[in-house]
Amino acid sequence: MTLRKRRFTLGTGLLAAVSLSLTGCLGTGGSSVTAPVEDADGPLTLQSRLADGDEAALQTVIETFNSQGGGQVELNTVNNETFRAQLPSYLTSSNPPDVYTYYGGANLRDLADEGLLLDISDVWKDAPFSDGLRALSQDSSGNEVFVPTSYYWLGVYYKKSVWEASGAEVPTTWDEFLAANKALEANGVVPIGIGVSDAPWLASAWFDYLNLRVNGPQFHIDLLAGEDSFDSPEVKAVFDKWDEIQPYFDTSASGLSFSQAVTDFTQGRTGMFLAGSWLQFNLPAEELDDYDYFQFPIIDDSVPLGEEAPTDGFMASARTDQPNLAKEFLAYLASPEAQKVMYEANGSGTLIPANPNTETDLAPAASKGQAILEKADGLTQFFNRDSSDALQATADQALTQFLVKSKATPLILSEWEAEAEKVRAAE
Amino acid sequence: MTTTQILNPPLSPPSGSNTRNRRWRVRRHANTLLFHSSSIVISAFWFFPIALVILTSFRSLSDIFQNGVGSIPGSGLVITNYADAWTEAGMFQAMMNSFIITIPVVLLSLGLSSFAAFALSRYRLKFRRTLLLVMLAGNLLPVQLMLIPYVRIAEGLGIFDMFVTVIAVQTALGLGFYTFVLYGFMRAIPFELQDAASIDGAGPLRIFFQIVLPLCRPALAALGALAFTWIFNDLLMSITLLRTDDKFPVTAAVVSLQGEFSAQWNLIAAATVIAAIPCVIVFLIFQRSFIGGLALGAVK
Amino acid sequence: MTVNSPPAKSDRRRGIATPPVVFVLVLVPFLVETIGVFYPAIQGVLLSFVKWNGLSAAEPIGLANYAALTTDTVFIGALRNTAIWMVLFGGLSFVGGLAIALLFQAERRGVGIYRTVVFLPMVFSLVVTALIWNAVYQPTGILNETLRALGLESWTRLWLGDPNTALYAIIVAALWRQIGYVMVLFLAGLKAIDPTLMEAARVDGASVWQRFRYVTLPQLRSVNLVVISILVIEALRSFDIVYAMTNGGPFRSSELLSTYMYSTAFTGRQLGYSSAIAVVIFVLALGVIISYLVRAFSESKED
């Protein structure tokens, strides 16, 4: 029990120190804590939800950090869903993992507002990140709690050979988009591929982009934050626009799994797939050159251009017993060197390093994505990252119903708003 | 050909003339044929998805992306997935962890349960039926109800993220059910055997180890195989009570191979096949001990 | 389960005291179960009386969670689906497991392999087997393709996308998994039947159905008890397979109490509400089994 007491004592002591308010001895344990900002011994635990290439990249950058002799970091990888479910348990634990992979946005803010995340404003003091990234990494009082390391883009992916065969042309405006759909359909290709039986959130990509294009990024953010309602006329306008392309969606979408939908796409049965750059992992390696993506077409030139740029990075627990090492590690991850290592170790070219000073040659797809995102007037993350998992669940319901037209749109929207109200009330 | 003969093949040919023997032999062959054909049909249906899993474990990743998960493989088959799963995906470590957890749990929970079942079935204890029902009720509790309490209790005791915790919890969770099953089996054992022994001066423990336990062998074998499978394939407890990935058993390790947007299904399939092998072996061993039946005949 | 010879043990037992070690034999396991199961369970039940998101402090709200359950349409739908699941999954597992155990009970050549094949689904991780079943049910998957090949195009469906079929499609996959387990239990039970009883019945000229009904079934009574208990527990616990295939969709048509409990806990972050659902599941399980158990116990000839 002494160890527990000592850790508990250290934990409270360091917590106080982090808020810059305490000096001198604390605690009743048998420990010798004189300087309150002293780290405990042992390796820093990094709890990660990344797999495959991302995990390999993380391992490489950790090895580099460890070899620098500043401290040791140990990686713990768990399944993504496990991580999501266990995160509150991790953060409220008396002996939490020190550092975590995570993403920026509303979820981060919620965790930070509960006081569970380490304030790392001093890491951010000289960081060259843009204001947008800074805003994403802060809690509600403006303190930074997160270090972004990469972000990615969403685009409408298509298979060049299929489009050539159908005589479809890459669109930039809405009318061109409709024309491309018609051409694909005439050629016997299902224009828009999607599979929602086990991945209903794919439909949210369409909702997000249509909302961004019709109403602009500010409305989208406000809507997801609860300041607007889902049965408002603006949202109705989004679905009216969606109705124009709804006939082009795969009619078997509700019974189609994500992997099957991707297979249909790679085999040319469907013509396009709105997804993040992570779609490239699921494409056959030999054929990769046949695939490309285009920016979601512009509907209204007068509406500010919003783009989705989900941002991933790292955060630390407020209860860590090694805050100094944690900050050191996070600072290292934010550095251009580390981001270069991660980008190259990942090797897929689907992530853009967050630090603008990173010296690395981006893959063509990534440079294209970066260019698109730099021109945007506003950046959002994705439905669940901008709101919460609970609200995402309501969107899954509503959007699947819309895709299969199980009810009239106004009814779907009013039910969606009712569900969203319940979610907001529960928070 | 009646179902009689399929379900209960006569143990010996009826005595009689040569012609009758020949007819009986023909019947017997047809009987065997029918048994095997119906069994093969059933087994084929059951084995089919497993065959697909095994097939997937021999495919390359680009083949899966190219042709889909449940499809006929296009390009050549590979055997590298198993080696990759064993070393890179850490299945070796995970397998060790699974054994470290499963074997103690099976031994402890079956041991404790057989003690309890013995006491409850062979002696007229007061409230024994209530006790049995209460113990069984423990298994009716949905485990999700207790996940958070387990985490808090384990953290409070300082034993979070340790094997002992998982072993302790899994043992406790199985007790009610195994006691209930063993109670049913032990109750059937005639009391004459026990009386004979206690007249000879044997105490309860002697009776337990020398008379009752051997007679429960089929039940223990069945429960042992089921318990092993149950614990070995458990996922929820291990991901709740363990946090460090090199402590994860095979179930959690396999699940960790799944990414957010993609998964190396060939690798995961290979890992799954590897993870299944111990349970298959255990089952094969134990199902053979169903043979020999009981020594109930010993009373006669 | 009745014993072979009528026990006169009530006479014999009257004067003999139970040896003290016997109390220890039963109390130690009971204590372990109390500490390991009942104590955490009570804590869990206490959680159902609070509102808690797992991050901030818990807020006691008395019975509000339970009150909310009564008006929760998703909960009521999940309750209905769970009932369907229990009856279909439970009933068909029982019948299927028994039938296959009867078929495979004789120790003849090859039966070990057949038994193992039927048991295999239990030992294969659900992550992958759910993936395979998912693939089977796809619009262009094996099931639909087979139907088309047989000329039954009109029978093809969006198995996992049609609210009318999703639950039943998953039940088939769940049965495929569970029947081997039930088979093993029945095999052990069938092995425990005194073969002389069977011989006696056969000699008496009983037909196979009569032998089954009057010898096998009664002898299996305690095993039936066990199997039914397991099936109720497993039916209420069934979560992984639904989660992996449809996550309760489409439109909650395959939502079970267990999946709803998971989503309220880990997606909705309403841990108190989730605990209330868990308590309901427990009460349900108890309710289903208890009458059967009590009746079965009081039927036994022994005190």
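What to note about this one:
All chains are identified by letter, namely A, B and C, in their written order; residue positions are counted from 1 within each chain.
Just so we're on the same page, a contact is a pair of C-beta atoms (placed from the backbone, for glycine too) under 8 Å apart; a residue touches a chain by one contact, two chains touch by 3 or more.
Owing to the predicted nature of the structure, the values given are computational and were not obtained by experimental measurement.
Farthest chain from subunit C (centres taken as the mean of C-alpha atoms): A. Ranking A-B and B-C by contacting C-beta pairs places B-C first. Averaged C-alpha coordinates put the centre of subunit A at 41 Å from the centre of subunit B.
Subunit B and subunit C have Cα centroids lying 15 Å from one another.
Among the residues of subunit C, those touching two or more other chains are numbered 54, 131, 134-135, 138, 141, 265.
Subunit B has residues 68-69, 71, 148, 255, 258, 265 in contact with two or more other chains. The residues of subunit A that reach two or more other chains are 89, 259-260, listed in rising order. Contact residues on subunit C toward subunit B in their complex (touch as defined above): 1, 3-5, 7, 9, 12-13, 18-19, 21-23, 25-26, 28-30, 32-33, 35-41, 43-45, 47, 54, 100, 102-108, 110-129, 131-136, 138, 141-142, 176, 180-181, 184-185, 187-188, 191-192, 194-196, 198, 202, 207-208, 211, 222-223, 225-226, 229-230, 232-233, 236-237, 240, 258, 261-262, 265, 271, 274-275, 278-279, 281-282, 285-286, 289-290, 293-294, 297, 300, 302-303.
Those residues of subunit C that touch subunit A in the shared complex are 53-56, 131, 134-135, 137-141, 157-162, 244-247, 249-252, 263, 265-270. In the complex of the two chains, the subunit B residues touching subunit A come out as 61-62, 65-69, 71, 148, 151, 155, 158, 160, 239-240, 243-245, 248, 252, 255-265.
Taken together, the subunit A residues at the contact with subunit C in this complex read 84-85, 88-89, 91-92, 110-111, 114, 116, 197-198, 200, 252-257, 259-260, 264, 388-390, 392-393, 396-397, 400-401, 404, 406, 423, 426-427. Residues 1, 3-4, 45, 47, 49-52, 54, 75-82, 86, 89-90, 93-95, 97, 259-260, 262-263, 266-267, 276, 278-279, 281-287 of subunit A are the ones touching subunit B in the complex.
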